[in-house]
Amino acid sequence: MIRFDRVTKRFPDGTVAVDELDLTAPTGKITVLVGPSGCGKTTSLRMVNRMIEPTSGAIYLDGTDTADLKAAEMRRGIGYVIQHAGLFPHRTIVENIGAVPTLLGWDKKRIQERSMELLERVGLDPSVARRYPSQLSGGQQQRVGVARALAADPPVMLMDEPFSAVDPVVREQLQDEFLRLQDELDKTIIFVTHDIDEAIKMGDQVAVLRVGGRLAQMADPAYLLTHPADDFVADFVGRDRGYRALSFQASPRLPLHSERTLLMGEATDRTDEWILVVDDEHRPQGWVEPSRLSGPVTEADLQRGGTVARASGSLRAALDAALSAPSRRGVIVDDSGELIGTVRAHEVLAAIEDADRPELQDDDQAGSPAPDPAAEHTPS
Amino acid sequence: MHRTSRSAGVLALATAALLTLTACGGSSDPLSSETTDDSTATDAATDGGGGGEEIVVGSANFSESVLLANIYAGALNNAGVNASTNTGIGSREIYLNALEDGSIDVIPEYTGALGFFYDPEFSETDPQAVYDVIQGLLPEDFVVLDRAEAENNDSVVVTQETAEEYDLAAIPDLADVAGELSFGAPPEFETRPQGLSGLQETYGVEFASFRPLTGQALVQALQNGQIDAANIFSTDPAIVVNDFVVLEDTEKLFGSQNMVPLVRADVADTVRDTLNAVSAELTTEQVTEMLRQTDVEQRNPEDVAAEFLEQAGL
Amino acid sequence: MIQSIIEWLLSPESWTGSSGIATRLWEHLLYSAIVVVLACVIAIPLGLYIGHAGRANWAVTLANSARAVPTLGLLFAMTLVVGPMISSELAFVIPSIAVLVLLAIPPVLSGAYAGVASVDPAARDAARGVGMRPLQVLTRVEVPCALPLLLSGIRAATLQVIATATIAAYVGLGGLGRFLIDGLASGDYVRTAGGALLVAALALTVDGVLALVERYAVSPGLTGKDVGDTAVVASTT
Amino acid sequence: MTWIQDNWTVIFPLGWSHAVLAGVPLVIGLILAIPLGWAARRWRRAYPVIVSTSGLLYTIPSLALFILMPLILGTQILDPVNVVAAMTVYTVALLVRTVADGLGSVPDHVQQAATAMGYGGLRRFLVVELPLAIPVIIAGLRVAAVSNVSIVSVASLIGVSQLGDLLVDGFNRNIPGELLLGIAACLALALVFDVVITAVGRALTPWTRTARA
């Protein structure tokens, strides 16, 4: 657990980057710091491993004041990932990954094995091991950055806009993969981003900071979307927040309709309705319009515009499936991807209306500092 | 690899050739104006005047030569001949080339030195004999005018202490001890017939080491003991100032070195009368005194020359 | 002319003796090495500090504008001032060495400074972040990353020193410059041209050796495919 | 120091010669370096050849080049052309690489936009690429100017008169004041060159000023 206790950072030129910050990042969770530029989120992160020294206040790492630790040694026990990866350009990929183990004095064989293991873990081909950073794409470099941070298996990781320098498609991939990794690793992570969508996606809890380094609100993502503490947070969280909040609401039991399906390569005589095409394992492939069909269904006939939602997924996914299907019937599958039925948009909306919004917490008044939900939930 | 380096070479040659061509053509204009500006500027002190072709008086790269060049040019200007100076050209080997190619027209010279230069076997030592013989040695387009009584010879000097330590008064005294001593002189001394080889052949003096030095560095090196003996001109005020001991040239290795204007034949008639009149007035004492003024009192050679000419009525 | 130069260069007599080519070449190499090493000892730590700390940039500006001081004048001044203070043979060597060191400092200094300043800030940040101590950040990340620019600064300085050491012959320094100065004084153009060729050949050889050193010392991760960029002239610094 | 009081005006004629001997090669050198630099960019293979050749020229000691120039050019040995030619060689050696790198610094998208608008080879070079390379070329020119002013003083050893005369004469006659004046005058001249070149560069690139403002 990382705990900020009235931490203030005032730079020599007088600007206050962080102002009396109280915040706890619970063990095994991702705590996201988000806010506009100048809100002190990166400064706060960098004070944890003392890349920046606080002006006043203290930061505790599992109960120990970091000021009492030797900075360099402490950092070796904290994974650190930054925006442009910050790989050492003169070292090969394995050497980069093995940087901390080398500093810790591991023997060479162990470093080598560990580096190769991590290379695969972050989804890189072992053949890049002997390459240099400049020969890798931005996304690949970022994976190496994550691998380097994980090398000595630190319990704590600090991630400063780790995915913001890569293109949106790759970013999404990296985010998904990292979340999967975190499921296995359960690191205590502080994650900085300026992108509220990323914050909501990555965070177990999200701390919104305002310019001048004051905490505006701290909450889990669903709560943040439904109960922004004030105008600033509401504005920052942005438009569509009602819709986006649905991401965090699991679908209740929706009234599913059975759907007539067609196998690939089959022909049909019906002419009026959209028909769902599935493969041999009953996985949805796309919709066809029989009137346009002149024989058996082929790949080229498929209309693939519709999204597919899992029955165990969110209300947002179910609604989107209904809205995006040309037939207006949202395709719902089970966890193995097999079709279990379709649902109509108004049925999803009815489910939404029946569902409970996350409840307003008693002491959460607009404008006042956010409570520390983590402090209640996690005994430390 | 091979091919690259060869093409690099070819390209280097081509580039050099191109540069050379353009440099010649492109720059002729600004340069000619530069030359004129430069010479008028140097003339400014003396009352230049008179028409006709401009006479350029050159000099070697030591004070006395610069002084004499200024005296010559001053006298010519006073006599109504348009003259300028180009001083500090370098050693004899260089300025004689400059005289040859017409860069300069007049150069202060020394009789014996000219003899040695044009005839390595030259052996005359008597002032008049030297003067007479060199007339026949000079290239066709060079003429020497009248010699002055003033003489400035090469000399071998040592410090007072060295002279006492080894009991030195004349060059032959060096024969036994030179093997322990180092010798400094302008670089050309190493190869000139009356230089290192002359010392060895005439006096059997062979120094342990030779250090090529010029100007102040030479005087300083002797003073500080980095060299034990030096080749310094006999009129150099540094000898008096530093109390150096001039070793007598008993065998006249350095011969007679009367100051004499060496001129291009094509200007000889223009400058003869004036420069002969100058030579008639120059004495060793006067030159030494003038050098003391330029080198010790740091006066401008042009001013010192002008003063001398005024006193001499030239 | 060219034939006489070749004859002079090939004749065994020109190579032997205390003023032969072999001795002069060795002297030239020795003086240049001393000068470059001294310049590196002074300029590298200074440049690394300035680049690392981002402070005292004026020192680089100062060193660069010092390039405008005419070498010849500096050489004379140093000889007149420092010469009399030394009574041994070193009186001929020290002033020249000092001037050449001054000449060599600016390229090395800007090379070291620009090298460190050009290190990717993210790499430097990461180096601290993974727990390197300040000295480790310098030696393990900043210096290796600064190496290409640092070495090209040293190469430029070396070339300049080898070429300029010839002028120091005018105030009594040995080395290949003797052939130029003495050849000039005695009107012996063969010696002058031969000496010039030797200086250029020496410069090229040394530069080639340094290029090899660079190839082995600099991580391929930094040079990438830009192999054509290794020949460096003073202008880059 | 009385020497300086009595004689300081000599720096004007000598300084003028010095300026011509150092400045004319800058102009000629630049004119020569532009097509060479362009060639180095145009043909990729030419780049290393041109750059290493110019590096090679720079290794020739200045004194040697001065001495040997009359033999190469067939000029008189005291002819200032020798110095101008030698200095031009150094200027080109320094500038070719600068010009090539300067042209290389023109962003690709600008070149492509110019091509797309219909600028042909030479026109595009003169109207788009060369002007955009000016800041880099000016930087190289400043280095060359400073270096030229320093090197030209060596010409005094071969009898071509300029500020270096003060250095040699001051040294030979042991007049520290004269030596000092020579050094100071060289520095001042280098400064003048630098100021002029910077001003010209600024006048030629108004867009860099607005960008900074």
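Quick notes
The letters A, B, C and D name the chains in turn, as written, and every chain counts its residues from 1.
Criterion: a residue touches a chain if its C-beta (ideal position, glycine included) is under 8 Å from a C-beta of that chain, and two chains touch if they have at least 3 such contacts.
Just so it is clear, the structure is predicted and the values come from calculations on it, not from any experiment.
For chain pairs B-C and C-D, the one joined by more C-beta pairs in contact is C-D.
Greatest centre-to-centre distance from chain A is found for B, with centres as Cα means. The distance from the centre of chain B to the centre of chain C, each centre being the mean of the chain's C-alpha atoms, comes to 36 Å. Distance between chain centres (mean CA atoms), chain C to chain D: 21 Å. With each centre defined as the average position of its C-alpha atoms, the distance from chain A to chain D rounds to 58 Å.
Computed centre separation for the pair chain A/chain C is 55 angstrom, with centres defined by C-alpha atoms. In chain C, the residues that touch at least two other chains are 79-80, 170, 181, 184. Within chain A, no positions touching two or more other chains are listed. Annotation for chain B: residues touching 2 or more other chains are 90, 94, 97, 214, 216-217.
Here, these are the chain pairs in contact: A-C, B-C, B-D, C-D.
Within the complex, the chain C residues that touch chain A are 120, 122-133, 136, 140-141, 144-145, 147, 218-222, 224. Chain A meets chain C in the complex at residues 49, 51, 72-77, 80, 82-92, 99-100, 103, 132-135, 145, 148, 158. Across the complex, chain C is touched by residues 90-94, 96-97, 186-188, 190-192, 209-214, 216-217, 220-221, 223-226 of chain B. Every residue of chain C that touches chain B in the complex is listed here, in rising order: 18-19, 79-80, 83-84, 86-89, 91-92, 169-172, 178, 181-182, 184-188.
Against chain D, in their complex, chain C makes its touches with residues 1, 65, 67-74, 76-77, 79-80, 159, 162-164, 166-167, 170, 177, 180-181, 183-184, 189, 192-193, 195-196, 199-200, 203-204, 207, 228, 231-236.
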